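There are two complexes below, and they share subunit A, which is joined by subunit B in the first and by subunit C in the second.
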Partner chain A sequence: MSALEYSTSMSSGWLAKKITKENRVGFAILVVISIAFIYFAIATPNYLSVFNVKTIIRDAAIVGIMGIGLTFVTLSGNFFLLSMKETAALSIIVFAMGMSNDYGFIFSMLGAMSIAVLAGAFQGILIGLGGNPIIVTLGAAGILYGVASWWSDNLVIFFKRPHDAEWLGTGMVLGVPTITISFVIFAIIAELVLRKTSFGRQVYLVGANRAAGKATGHENLPMAIKTCIIASACCAFAAIAFSAQMSSAQANYFSSEFGSSGDLTILVIATVMVAGNSIMGGYGSVLRTSLGAVFISATDNLMVLQGFNSGARVLSVGLMIVLSILIFAYVRRDSRSEG
Partner chain B sequence: MNLIKQKLTELDPDLLFAVILSLCVFSFFAFSNPLFFTLNAGFSIMERFAVLGLVGLALTTLNAGFSIMERFAVLGLVGLALTLCIIAGEIDLSIGSNAALSAVIVVRLTDSMGAFPAIGIGVLCATLIGLAQGYLIAYLKVRAIVLTVGTLMLLRGVALFAADEKTVMLTDFRMTDFIQEKIWIFFSPASLLVILLFITVGVFIKYTKYGREIYAIGGARKEAIASGVNLKRPMMIVFALSGFCAGMGGAIIGLRSGTAQPLALQYLLLAATVAAFIGGVNILGGKGSVIGAAVGVLTVNFLNTGLVYNVTPSYVVQIYLGVLLLIVIVFQTLSILYDKGKQRRLLLHDTALTKQKMIDAYKSVLK
Partner chain C sequence: MQLSNIRRSFGSIHALKGVDLNINHGEIIGLVGENGAGKSTLMKIMSGFDDGFEGEFLVDNVPVKLGTPQKAQEQGIAIAQQELSLIPALTVAENIFIGGDHGPTVASLGQLSKMARPFLDEVGLENVSAKTLVNRLSIGERQLVEVARLIAHKPNLLILDEPTAALGESDSNRILEMVKRLKAAGKSVIYVSHRLDEIFKITDRCIILRDGLSQDSVDTKELDTNKLVSMMLGRELHSMFPPRDFSKNNTKNKTIRFEVNSLWPDRTLVPINMKIYAGEILGLAGQLGSGSGEVLAAMAGMHDTQGGSITDCYTQENYLPKNAKQAISKGIAYGSPDRKYDGLFLGRSISENLSSPNLKGISSKGIIQPQKERPLVEDIAKSFTIDLTRLAQEASVLSGGNQQKVALGKWLSISPELILIDEPTRGVDVGARAEIYNKVREIADSGKAVVIASTDLLEISNLPDRVICFYKGCYVSELVGEEINSTNILQAITNPENILLEDAS
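Coming up: the complex of A and B.
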């Protein structure tokens, strides 16, 4: 077979190769969902306007940044952190405390970041030593949220409007909100780190096969610490951006009714899971997470324009998570011996 | 004497740790708070005793005993549910949502059809949801946390839907007073039911084949499957029981207060996890008991009561719960690491011995 023939046979069989017997069901559901989505997108007035698309991406930014951080943890095989919104709550309190006491943006940000890094490192050590990530972060979540509320007496902290964090919260560059730009920058950097650096490859290795990682000298302990720190720092950044936008902070900003879709932590986990990152680690990318965040935001926006209440929207996000789990688990069911 | 020694060696170290931890919590509050040694102290002392298993001796002040049992009812149910799941080596994150959904259903239906059919429907729904989860987990071979984090959100959406995004309320609050009626001084129908459930489940998982299967798939899943355990059956039993307990807990909370919020009851997961882990379950599965769950639940209750005595705001309770949970986790993790190190040393010791033997044999052959 000549090279030319080979290449043509590759290109014609591309789609057929992707759709195998096992994942036919998954593909069918995917096609149905996309058709439904496109139909409603066209049928809804004002949905596909430039302004609305900008709004969608902007809404996706905060959850997306946190999702990017969480992707590292998930890829390294440490499931997910249940303390995302609590880390954000503590950071937002630290940041607002700094801002309202006139420490300036840089110092407030550094304070919030260092608290988040400390929290992440602490959880990472416990996880790396062999603690179950879910239980450890559930406990840590209680502590972090408790400390945040206790410190701020559960009150709203305001800081005056002309402050030096406005560029991040409400500022625009060339008509695009800064927060959207930082979301894109975060995604690009994270993708480059995962693909091009040895650290990124180690993340995939430890996630895909922990025993092999251990045998080649990549233990889970340093990996868990690093990934947890990354996730927590992303939480802190999202919290800072949110606080700069609101010019205020409260410990329960991120609890229960953030935005529209229930619990923020679960929403972040949803962005990681919906686009098909393997929750057991080793497979996935930041690109998928970002697309997941945008997709959830787009669906949410669509449902708002169609006049649905919050119940239906929480339900739809829940359905998205469960469906994606079911589809991906079904497709990969035979390929792994133990879930 | 020998018998005592034997009993001591047979003692479960994790349960022992739980009891010691409980004692630490009690003594902390007892010494930090002067109120404990005033006239009101009867209550606190009794709780201490209650945790030590001397319930009969302790429940001498009537109201205190009643309130202990009332607190025990709800948290006990959820703690039991989570204990069962962790014994099977899985975690059910959707407990809070399931309880909230059940509470909403029960409160909404009570007005039109009376309390008992409403409880029946609510608990049935929760049980069926649990059953479906268990089936899916076993069929798809996914980890429970992966699926239940999805259903956590899904069920909250369903609860919001069922409640029309409002807090639902009874119109006639007297309808559900029976649930707090005193029976035999200490008990209410709710707490009696929970105690009965504890005994039933305890007997079930200890003395029946299906119950032992739960321990088997938790402790050594591959071996259990290889020796012919069908993964679906124990998984469905565990998650159905978990759903049942969560639903029952939600129903009791809803009927007691006469209201139900679709977004409430999130705190249950943390409290129940703390209770289960203090009760001596191991995250690796296959370990833990109903008695342990009861001890854990009483410890958490005690913590809450002690903090109420100290007039602490509710969010500080979370700090204490989190710290308690992390202490238990650190203890467990370190004990697992210690066991691993010991095994490794034994293995190295064995290989060194074997090597020496081989060298000796070789030398003798050479001679």
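Coming up: the complex of A and C.
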């Protein structure tokens, strides 16, 4: 999908210009990927059925919502939170503790979200004060997972069905899963925030050039705090939806059992990267992230139907990250080379 | 070396439409032209970074195909680019031999520095030890080390791309001395600079590029500034600097707009007091590191200070901004000396750049109002003659002069009361320079207070109504009216002992 999105979004202005040797190569790669994808999609029975397409989008939703949050961090030039998986883990432990002790959905949710927001703010402050995002968020990852695992004794916490979070976990509205609808709503709101609000503009400006941001009165400290909170909150929301669906929680749910493509943090980062958001910040959109999530989910689903095992699927996600970084770096470098 | 009818296009853009250039042994050629005239493209071709051109390229009457910088090196062509490529954490000697191809495979630092010595002497760095770390050197010295590294390859032709753009007067002179020495040693030099006085000082001949075409080469002796500028622009430039009326600018008739009280920026030696009048351009003269730039940055909250304050004489408010955000809220605009570092958001649109300091003003309840942003941005673009059709393009596609206009123009969005500009025209061609000077004058004429700091002697002696000179972190003297000329300023900023003694007695 990233290829399709790329070709449609760029075709008007981009093809109109003379295509130089180098970006022809980048374009060719994208076309090859698209054709290969379409071929396999048609060649695989049931792949393009309404039911399967709905499944693909549904599967994309949880990682997609997390990716949408993380996009803010990346666009603002603060790299990634490498603590997505662990934030999710602690959130669902808090949530499940609340649910199993009959505090009800609202309180359990609020408790889990508050913890996530605190974790985000903590990381945001350290990053904003000049801490290296990789080190800070790796450290935070250890702390969050440690607390989750220690507190829950690494046991599975069940809560009785039916519970008042069913609507979020397995509920449907007009035949569409609630989580899919949430994904779409999150994407629309986030895209509007980025495009239309002064906060969104600041995200892009600070991401494009932190020093110039400082010189024009847009400091990175508040930016890092806000974007990390957004990422952590989105992460917690999606994790809670997953927990509600399972009616249970365990600290290592997101380590290897989640979905089928292995590590959650890598999946979320792949979602942000695949459709060409700039890893350095300042360029990209939530639309790209959403399409990235759907593309990854579609590929994964395709590979399942083709009978690949989970190792091969993890491999494909890794390859997608590497390839997309290469392709977009190549295409973008060339498009702005002559000034 | 001889180039004839060199052409190069990027897509539909014809960067070079036919350039002829030849250079003899032991000759210094000045390559001049406005930003965007094709100088950079031509240099890339000559130094082997770009081989997608058409035309004839001869070295010693033999056609060559370069393609890579290594091949250019084999042909004896070396280029010192504007952006330094030294590794700051290594020593001078290590940097000189870092290519690895002309040094020994294994060597002690002692051996390396012995080998580096002759090259350092040749560029005039006799007093610098080859064992010094590069990050201990001044920018001027680094520039010279860069050239020493090139000389180590024993080139016949050196291309110097604006070697003095970031340098003060005395460092610049060292570069010029070095170029003369290279010439004496029989080497050819292509010297690229926006500083026309340097072109006149050292070059034998000038090649003028305009719109990708080379004009006839002219002996420098036959040129004067006006002729050179009109050849570069293709039209007469009546005057680079807007006229000053010193009689009108008698400080007695003027109202004090801001007072700077005991402002003590870090890395300066004594606190500074000064008055800034409404409607004037105040110039802070000084070499790099003299403290003039630091004073400006401190006033804008962009530099640490030991204390001090600014008094707004209209509101009687007394404050010292801690960061840009506070400065902006007080109506202080600060144009930094390095637009690429913190003056521009290169990857964002020109329009977003222009409105960036005043997002509050163009939004209501946190939502950006396009009907407020558009007129604001268009007004700025019009007054700075930025092409309105290009507002949606990335700032990175603009030439240096236009980028500087955007970097400065964005400050109009906050309707500032005090405009501080450090190096208003670094790396900017003459045409855009004149436009910027006129605009700065226009802003001052509207009653605002403008302070510029500059290491460019021509600029600092011709633009401001009043000049304060700095030397090694100290206030030296204030020049008004007819006292403002390059001789007085040069003396004050390079060798002020006489002035200081006079004052003391």
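Going forward, the second predicted complex is superposed on the first by the 310 of 339 C-alpha atoms of A that agree within 3 Å, B and C clash if a C-alpha of one lies under 4 Å from a C-alpha of the other, contacts with A are read in each partner's own complex, and residues count from 1 in each chain.
The definition used in the following text is that contacts are C-beta pairs under 8 Å (C-beta built on N, C-alpha and C of every residue); 3 or more make two chains touch, one makes a residue touch a chain.
All figures in this text were calculated on a predicted structure; none of them were measured in a lab.
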item	value
A:Ile325 touches, of subunit B and subunit C: first, second, both or neither?	first
First (subunit B), second (subunit C), both or neither touched by A:Met273	first
Subunit B versus subunit C as contact partner of A:Lys214, first or second or both or neither	second
Touched partner set for A:Ala60, first subunit B, second subunit C, both or neither	neither
Residue contacts on subunit A - larger count, subunit B or subunit C	B
Partner chain in contact with A:Arg201 - subunit B first, subunit C second, else both or neither	second
Partner chain in contact with A:Ala141 - subunit B first, subunit C second, else both or neither	first
First, second, both or neither for A:Tyr283, with subunit B first and subunit C second	second
Common ground on subunit A, meaning residues reached by subunit C in one complex and by subunit B in the other	336, 338-339
Residues of subunit C that touch subunit A when the two form their complex	10-13, 15, 302, 323-325, 327-328, 334, 336, 341-348, 352, 356-357, 359-360, 362-363, 366-368, 394, 396-399, 410
Contacting residues of subunit B [partner subunit A, same complex]	91, 93, 136, 140-143, 145-147, 149-158, 160-161, 163-165, 221-222, 262-263, 266, 269-270, 273-274, 277, 283, 313, 315-326, 329-330, 332-334, 336-337
Subunit A to subunit C touching residues, read off their complex	17-20, 196-199, 201-202, 204-205, 208-209, 211-219, 278, 282-283, 336-339
List of subunit A residues in touch with subunit B within their complex	79-80, 126, 129-132, 134-136, 138-147, 149-150, 154, 251, 256-257, 261-263, 266-267, 269-270, 273, 279-280, 309-319, 321-322, 325-326, 329-330, 333, 336, 338-339
